[in-house]
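Each of the two complexes below includes chain A, the first together with chain B, the second together with chain C.
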Partner chain A sequence: MVRNDQPLLDVRGLSVAFRTRGHEQLSAVQELSVSIDPGGSLALVGESGSGKSVSMRALLGLLPANAVVGGSARWSGEGDVPGGTELIGLAPRAFRAIRGRQIGMVFQNAMQALNPTIPLKRQLTEHLRWHGSCTRAEAEVRAVRALGDVGIPDPERRIRMYPFQLSGGMRQRAMIAMAMVADPRLLIADEPTTAVDVTVQKQILDLLIDLRDRGTAIIMVTHDLGVARYLCEDVAVLYSGQVMESARLVDAVEDPRHPYTRGLIGSALELGDDSPLRPIGGNPPDLADRPAGCAFQPRCTAADGERCAEVQPLVRLADAREVRCWRSSHE
Partner chain B sequence: MQLVVFLLRRLVRLVLSLLVVSMLTFGLLSLAPGSFGGIQAAGAGSTGLASGRTVDLTSQVQQRYGEDVPVWEQYGNWLGPAITGDLGYSYKYPESTVGALIADKLPVSLALALIAMGLALVVAIPIGILAATRRNSAWDHGSMFVVTTATAFPTYLAGILLVLIFCSWLHWLPTGGWAGPKYALLPVLALAIAPAGIMARYVRSSVLEVLREEYVVAAVAKGGSWGVVMRRHVLRNALMPLVTVAGPLLAGLVVGTIFIETIFGVPGIGGLFTQAAQVRDMPLLMGTTLTFALLLMLMNLLVDLSYAVLDPRTRSGLGLSVDPAHRSEDTTGAILEEVKP
Partner chain C sequence: MSEPEPLLRAVDLVKDFGGRGGGTRAVDAVSLELAAGETLGVVGESGSGKSTLARLLIRLIEPTSGQIHYRGEDVLAWSPGELRRRRSSWQMVFQNPFGSLLPHLSVADNVTEPLRITRQGDRRIRRARAEELLETVGLARRHADLYPHAMSGGQQQRVAIARALALSPELLVCDEPTSALDVSIQAQILSLLMGLQEELGFAMLFITHNLAVVERLAARVMVMERGRVVEAGPTDQVFGAPSHPYTRTLLGSVLPLRPVGTRGTETTNAPSERTPLVD
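After this line comes the complex of A and B, so read on.
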């Protein structure tokens, strides 16, 4: 049995770099440490290029061959392995038993993540068969049920369709069904609401909440704090491959300690709120040309030359929050 | 219904194209100096008749072959029966109709082209897949170098080199003739080299493209092994577009046999065409040329159709059922535009 004090997934010091032709390695993720408890919910928030998707793909070994992954990610979803299974560098065969079966993944764009030339039925059942957990008939029953669970009407009929025959919202749900049909303990949702329109967004989020309430742990990758707030307990704010702030989501939204978190909240659009948007000026740094010291410093409104030019450690504050800014421990 | 409209439209276009091809061929052949009658008469003249009578004889022979009237009239005389399917009698083989000659020789060329295509596919697909999956490896660079060289190799040069190697030096195979599988080996090889090269490169780039697709990552994320993901998700989608190249290449192979059949003495339609061209056998030239044109056009049509059937998206666009029980919701004629060349 999993001991209660052991996180389901414990990521420590994860780093990802890409070997490039001619250049040295480009670092995409640096020293990422996050953890999620069984049934927990964590949001990874940041602008595009902040390393949130890359780090999640690194966990499942889905990055291309030129990626160099370091650090540790302990998976304790199997139950009987003391201390958990180390995912980084895991052998392919052992990895296959975890991918899809124990950790499911939902991708941003269902149109691209579903194979256009294979009917849904096969895409929803094939991994059940790969994992050898059931017969063909059972797999089909489960797949139909999964489609029904995600709110697709008439699943017996729809399961025989090709992805292009479904509407965008239904495709997105079908993809969630594809991840959920194997009943994973952890669902990694990579921007699951970005490619769909607002009404569908709400439905997808409700679906994920429903899953969370039934005990599936969820890591949600998003650039939208508002979306994250809807679903997640905890948040890690990423910038340029580093965690800038990690906290309980409520705390981070109500009392952001890092200037970047404040910037994200200020630039979020909310209905009924007439206060003007305050977008963060400038752009995230090029991976090959990070500023020395604090990576956010060039865009930071609270920057102070001398202190910010130093490398900022992730400092643990009293209320179990972690912030990568010297100001946070001085305020 | 949409399929019927599509086929009808293509059929009309095909007939019009054939008409234009026949006009151009007839016109160009008439513009070129020399004619069957002229050649016959000159041949007779050189065998001893007094030179003074040659002109007289020439006009007699030309009259016999209908070459004494203006070109458009000649064309009209040919076209009238041709429309009803009667291509007339060959001048060189007066006892056979052009249709019978083609029906007799075409199967040989088709068989040769089909076997060569089969061989090319069997070689090209594994090479392309291996090169793509081991991108930038020694195998990738090595095989692509060989394959690119093969692509640039004209069939006639390949044919002559093969004869040189296997017949003159090694004495393993006959240099020509047509009496059993042994005789087909070198022609097939010579024909297969270039298309194999072209298709191997195509397969490589196509597999590389599909490997970058998100659904491949998604399949791995579901726990698929490399082999399973490759078979079920990559290859199917990567090899489907190969049809678009393989079809025209096959038609090209039938035409390409013109050189090969001459080099190896294969009794196919290519040889027939060469003989007809040598003596300006007008009906036979028209017949063989139009056969080549028709083959090319039919192959293109077949490619479009098979592509439509292979891809469920175009399949529903053509009004063909994607699933017997359930029709798609967005069956639009617009998808038809996709299958147009």
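After this line comes the complex of A and C, so read on.
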């Protein structure tokens, strides 16, 4: 892969907070920095409430009006814009040229994401027509081809069906086809396989691998490290709205540096592995009641009262890793 | 097998669901045995009939045909009253903990609801039992007066388990009890169940789509596809040398985090025997 001097998407210091009725702001994402190169693959791994979905929705301008978004996200997928386009605060009209066209999206629940009252055809061609440059007939040809590409048999017939006429796996494929029909540079997939069976999960991930190998960059949001490992080169582990560790996925799995990453890996059950289960004790913190200092500290087996009570910066280590734990730079 | 009478024995269980355009045979001629204190894993994908089977076995729904014997007695011959009295030794833990708890009852009342229904103890005794049960599942006394919505998913599942244990069951049917929980919490709940089984000696029917969970928990496993058992036997044999193509497909769909051979190297975090529950 030719290494561009500029990442496809460069997120720096992204923060998201939600205004609540009690005037207090709930901070969901803090100082999130990740980047992805053209054709790259990044997993955002975290548990529910870690901010992984919220941060992706913030990039795409898809958060509700009570969200306060800060920081920067430079999008360089347009080619001719020097320095890229700033996505945070981008006007809705300008966003439409990027979202769905240059950046595709796949969500967890295809039944909810697809409109149940409209046949697939219109859902697959609508955004092509919207994004212009395409006649109705051309759009249909591309949509049928996209359905075929994602492994839906008999796409000419299926494109006339309603979402409820398809199985869960088919619907998820149709979602991916919908995202791919505009040939985006980046695909953001938010837990695309959580609602499907394991055998279907494998098929969908294989499909995403195909796309990746043909040059589409992929950001995969998942709670499942096994899924991340199967598809992605890089990982950012999120906890309570912060990146705890970012690294090459292989490195993070084989030599996790942050105690939370270690805990996640210790919690993962694997076939053929009879080492004792090592669950992480406790529960993730409430966003309204984060511990001072390190957010993971109350659950950390390696916690040291004084040092961990301080705010932990994300420290860059020698091997291009970043870890938010003072111990990592002392080990 | 000519062993002593098992705790639970089902023979040729069939369940048909009616519907427009013909019915569906959700469970098709399933037979199984479960010994006291044993764990049987049931794996399969959605639509395989595994949850229907669980509900049949504890007679939450009636089979179309087949037999169920509990300690040698014909369960299907029990009258509704008899069933209600005797069913207390079978309890169930469901996938969605919040959905399975009563939202308008406090945690303590949820946990002791089975005692109230079976008219055991007075309020004071039940309260004491609730606190005892909460402690058993790793919750604190102060959780007793909370309502389910104020707890995390993992805590709710602990409450559901405490409730299932209230009547000292001999059989615990667990239907995907960790699937709705976060990764770090799944391991907590699994080790809790394993520890409790060792301590209290109940048998478990453990339904899951997660093969690694079955391998960890169950000495024997049944693989179901479209209502039928396609393969059954000791877990290490079934997973080690699967004979049915569907079992092989399932095994082939597992996504390993650490390919075999690279495991067991990370020892930086000292494993703690008992996980502290901090929150």
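In the analysis below, the second predicted complex is superposed on the first by the 326 of 331 C-alpha atoms of A that agree within 3 Å, B and C clash if a C-alpha of one lies under 4 Å from a C-alpha of the other, contacts with A are read in each partner's own complex, and residues count from 1 in each chain.
One rule holds in what follows: a contact is a pair of C-beta atoms (placed from the backbone, for glycine too) under 8 Å apart; a residue touches a chain by one contact, two chains touch by 3 or more.
Because the structure is a prediction, the values reported are computed rather than measured.
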For A:47, decide between first (touching chain B), second (touching chain C), both and neither.
second
Counting residues of chain A touched by each of chain B and chain C, the higher count belongs to C
Let me test your reading of the model: by the given contact rule, A:105 touches which partner, first (chain B), second (chain C), both or neither?
first
Can A:220 be said to touch chain B (first), chain C (second), both, or neither?
neither
Counting only touches as set out at the top, which of chain B and chain C does A:92 meet: first, second, both, neither?
first
May I ask you to decide whether A:189 touches chain B, chain C, both, or neither, giving the answer as first, second, both or neither?
neither
Quick check on the complex: what are the chain A residues that touch chain B?
57, 60, 62, 92, 96-101, 104-105, 107, 109, 112-119, 126-127, 130-131, 157, 160-162, 164-165, 175, 178-179, 182
Going by the contact rule at the top, pick out the chain B residues touching chain A in the complex.
213-215, 217-226, 228, 232-233, 236-237, 240, 310-313, 316, 322-323, 325-326, 328-330
As the complex stands, chain A meets chain C at residues 47-48, 168, 197-199, 201-202, 205, 223-227, 229-230, 253-256, 259, 262-284, 298-299, 301-302
Where on chain C does chain A make contact in their complex?
45-46, 152-155, 182-188, 190-191, 209-213, 215-216, 239, 249-258, 260, 262-266, 268-272, 275-279
